[in-house]
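Chain nomenclature is as follows: A, B, C, D, E and F, assigned in order of appearance, with residue numbering initiated at 1 for each chain independently.
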């Protein structure tokens, strides 16, 4: 009994000392994971993930507090990338979060009263204009987050789906009708 | 603990987060010791006891352990519990102990034990932790029982063989011969059989889940065949 | 809508498989000649099981059935499996092996083209591990044993497990040449004496060496018609030859020569028909060399030092495991990224 | 009747290649004819690789033949001209010859039949600097006629690399197409002179003209032209007939032994390659001052009179088809050859600079492919791939959308020649998968760039808001202090300006409060989730 | 020398920890989705397992002896846990690139049964110090080998038309089964 | 408070120490409580095996205690010391239980335990561990077939030297078709063990001097099955 206690105590004491030593000596901090996750997110900054922007969502994922399937703008592809990055199983979107077609905000110039509310709402400064002047969306900067739609007091902002043009046309996945020879 | 909490923990442990079918933790004993129902259930129960006790033991002390010593201390506690059980089985169920062999001490490193400690017991009170451990252990036992049953039937054509190791020679009569004059499909009781059978069980659970999901959605959602050059088709 | 290219060479999967089936015929004919027609029974049985299982699995997987049944690949699996197990194997063994091969080794992975393991060899391995006793009862070539079963008696045995009154299995069957060699070496008998036993012929087993020759012939046809490339047979037979040659030169009393290893067991079948399965073998030429050389090495190790009389099946499966990595690390240099430029 | 390899030169070999039936003789029996002027021309403003040209003609304007109607816009772009004189009646979106079947910006021109030219100015290229000549080509709308329609002037910009060899591509390896063959037979001297101009611009040492040995007449005619013109270090070389021997990289390899990897410009290796028709066009541009207004097109396939025509750019393809006399069972029209061409969305779409061939297609000549089976990894595709790729692996990754791995397996080295699909016993439309994967990857890279931009802008905005908040708070504090001091000093009535300032302050305070509040709310949402 | 080679060969192929001894399956299943990860895990395990085999031999031989043999499991696992945690901290600090590769796998190693199982087998098989080291290293090598090969197969399988209910871990399990079937071919190679 | 290295080390060490001490104490107590019953069950287990081949009526001493360490011997097929259990009836040597190894099984060693009456007759043979092919070579297990009981009552002269072979080789022992290597190995080993007994009989039954207990336990190689 005594020898047992001695042996185990010796082992424990030595190990404990070494670990304590290492914990301080080799202390590191910082979490590069957040940046990696943030890199995968689409940076739409729309808040549909229920976090105020992509970075906070990334932080939440890194901390293990959020699921990876909360970002509709990222699409299934985004979830897949997150799953791969984090080494977890792919998880489809829930009922509440479904990706929408990519669109652009368009301001109806005749209705706009120049209230600047939309400018304040836009997370990427994609709206140009000054107080009491007509505002316009800079199409190339707009991420389609829809955050400017709600604040507009005269409902002059609408989201327009970006249609297919030759410039952004993509070859389709080859799909063929099954033969009816079963 | 509320009743709902109780139910949740139980459901989670036994079915939703089942160690063998979903989390894929604690695989070694599942695969190695499931060549018969009796072996499987015995080891499963032993694991359940260890999990439950360790959950209960670690939950109260979790705040006193510095981070750098966390894993060693947790492991130490688990190891003590396992060794205690090992001695007890060795003393009072010797023949079963011999059959389960190296897998009793290996409950220590059974991933699921530490995983639950880390995931649950280090965040929840003792009672819940104990229940969670027990539920997880029972989930494991259930898988072991089913797996053991299937492998035993396919491999030997019997069920409950070896029951005498637990209940003494009198129990020999309890052994059920499912298929008389069976040739014995040896593969089933060898390691490959274990893997493949477990694969089938996982697929079975997937199938049940899928069906439940479809029912929820209103039935009609059959899996549309993906067509990626994998199926004959015309252009 | 259809897309370029709009023209194509007229060839098809089923035609390729059919040619491989045809290439097996010389071997099968010789098999029947030396060992009697029982093999035809197992081939038929295996074929029916394979087609049935294939259809069932396609139905379960919700895939079109007819196009796949017509691709002949299941038949090929069935034939190769039937050719590698004893012709007197009871009917349920043939069924279990074939069904396992098609259902688990092939369709769980997604069917034709998707399987990672050689289905026929999976079937074989399952059988030899599960039913080793039955797997060692081979029909002896004509004139080898005291009494021979007539064809109806063979059928009786295959389907009802019934032997004619006076005969025991031991009197009717014998181990394969490789197995016999192993057994007798185990008993410390010298090689010369063993090879003088009537079971041995010119360079390997009596009868079975001719069957191997038949497979070699079919294999050459496959090479000529460019269905297989030379890399796999050459590397496999080459490795086997070199290894057997070295051991034989060093200690001829304990190690059989290269020709014996070429014509005994499943060497020829493996070299031309089994290891060459396009689906489960590497797709790069260097990869094929590595794969087949590895299979040759493993075959020799298992035959000479291991627990099974023949190693082709396990060697194939073990090398199947390595295929993805072999392919990954033997990617050929693409156009413009090669070293040699003027 | 292939000519033997009577070249002096050692030829090299490239991996793979196929030998599809060539079907070329049908359309080489008659000489090149000029297609009649159509009643309406539709001239797309995007006929070249790169940016769409900017329309410079107005609707209703009368334009002359050769007048600029589309100005190059951006570095990679080229000019577009009126193919004849007449009136511009519309500049709008119209269906064009593109695999997407989507419309694009086009100018509609109703010819007046006068063929009245803008003033043309012939030049002696030797009097100009290469840069000046390049600009001329750009404004003449000269683009590669070998298929890619890449602006030729860009391929002539010399940066730091010494060009030793100019390769003229007269291989014409695709079945059915004979436009280059006929051009070489009939207008060899002009091609050779164009080559001389290109050599001048590139300052290249030698010119190698590669022609597949199934075109003996073209080889003979070109050799005669070279000899007659007394061109030194210019050689017409018969190369083996194998598809895709006309791919620039393959031809360069065969002629010089040099392999140009994907992502590398051939000029880095001292070689540049132009199509023979491009050389011809360059000659027209310099020696006659004519921009690219027409080209030779083969009409063949399921037609009564297969033949080559010289056709104005913008001519509706239906007109050409009428000249060929399509047979009744024709069901669609292919632009390009059977290996790389695509079905036209409508026979009314206009002919463009890249149109080298129109094949009337029927079930008889292009039977629908048999059912697609899974890939059995037979590697016949790898055996014929001229880029030394493993098409079966590319397919495997593309069909399961593993784009990263497809890229790692050198997807972008694929030249989409279709040789792999041609031999595949499972009849898998492999090239389709590669195109799909490539365009997905491009789209993703584009998205990624957008995301990065958005991140930068977002971060910038956050910083700005933070800074403004800080500044306002500072200002506020200062004011408050001042006000307090003022109050202490005795209550002086505020000036109107001060009042306004204070009001503004008040609102901004409220705003900051609100902002802070909303941040808290958001944070709450985050954690309670 | 040959006997060490035989132990090594036996541990890698004939008695492969994962395929034959059925140990270390959780990381085998869990960290084999990506090739790189599998290689990282293999390297980390090899390091720890070799160290654990050596140190557990020393503990067993010099500290415990037959009287205290009931402390085997306890002392082994505590020391292993210590080694793992220490290695993790050191690697994290001293070699961030290496930590990128091994880091996340290190904590998982404590709960890899093989890491305890192999030292226990060493005791059971009465290996001496060198034999323990070689056996530990060989087992780890075998573990790494099968995991890397398995990862290769799983990566390729991602594109396969696997039936929906078998996608993911089910087919991985079946594959592991067929692998273990193949490894039965080695049986009898070392008597 | 900044944690210094020394402080952290000591703190962690103390923490681990604390739990280690508690744990070890708990373990030690359990060990004290159980090691008696454990020893008892192990002995019982041995006895169970021994009584299968050496019926209780053949001896009246405590056969497990009355044991002797045997040096490795070619005839026993082993390369380590083994324990022999000696049964005596009224003080007279009656039966010996030997552990024997057949080295040349199909896939390695087969460990056997056998008893030999003092007159040289075999009391019984059992296989303790083996790695023969399941389903083919494993009929030597008593659980699978009665084959092994074929040795009961046999001795060196019964069936005589030439009879100690399997029937296929002209001897008198049965075998299963398709698996002759295994029975050959077992027959050979048993035959050799009889020879060993004949040679060492006197020495074996000499009254016990060495202390029993240590050395190799009955259960063979610890093979996991």
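Following the convention adopted for this analysis, a residue touches a chain if its C-beta (ideal position, glycine included) is under 8 Å from a C-beta of that chain, and two chains touch if they have at least 3 such contacts.
Quantities reported herein were computed from a predicted structural model and do not represent experimental measurements.
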Separation of subunit F from subunit C in steps, with touching chains one step apart
1
What is the chain whose Cα centroid lies farthest from the Cα centroid of subunit E?
D
Please flag the chain sitting at the greatest distance from subunit F, going by CA centroids.
D
When the contacting C-beta pairs are counted for D-E and for A-F, which pair yields the higher total?
A-F
Distance in whole angstrom between the CA centres of subunit B and subunit C is 39
Whole-Å gap between the CA centroids of subunit A and subunit E
37
Using Cα averages as centroids, what's the distance between subunit E and subunit F in whole Å?
32
Centre to centre, by mean C-alpha position, how many angstrom separate subunit B and subunit E?
21
Would you pick out the residues of subunit A that each touch at least 2 other chains?
4, 8, 11-12, 15-16, 18-20, 22-23, 25, 173-174, 176, 178-179, 181
Scan subunit B for residues touching two or more other chains and write them down.
66, 68-69, 72, 76, 79-80, 83, 87, 102, 184, 186-187, 190, 192, 196, 223, 225, 228-235
Considering subunit C alone, which of its residues make contact with at least two other chains?
1-3, 61, 64, 67, 104, 110-111, 113-114, 126, 129-132, 307
Would you pull the subunit F residues touching subunit A in the complex into a rising list?
3-5, 8-17, 19-21, 23-25, 27-29, 32
Complex interface listing, subunit B residues touching subunit A
66-69, 72, 76, 225, 227-229, 231-235
Mind pulling up the subunit E residues that touch subunit B in the complex?
19-20, 22-26, 28-30, 70, 72-74, 77-78, 81-82, 84-85, 89, 107-108, 110-113, 115-117, 120-121, 124, 161, 163-174, 176-178, 180-181, 184
Which of the residues in subunit D come into contact with subunit E in the complex?
374, 396-397, 399-400, 402, 405
Using the touch rule from the top, collect the residues of subunit A that touch subunit F in their complex.
1, 4-5, 8-9, 11-21, 23-25
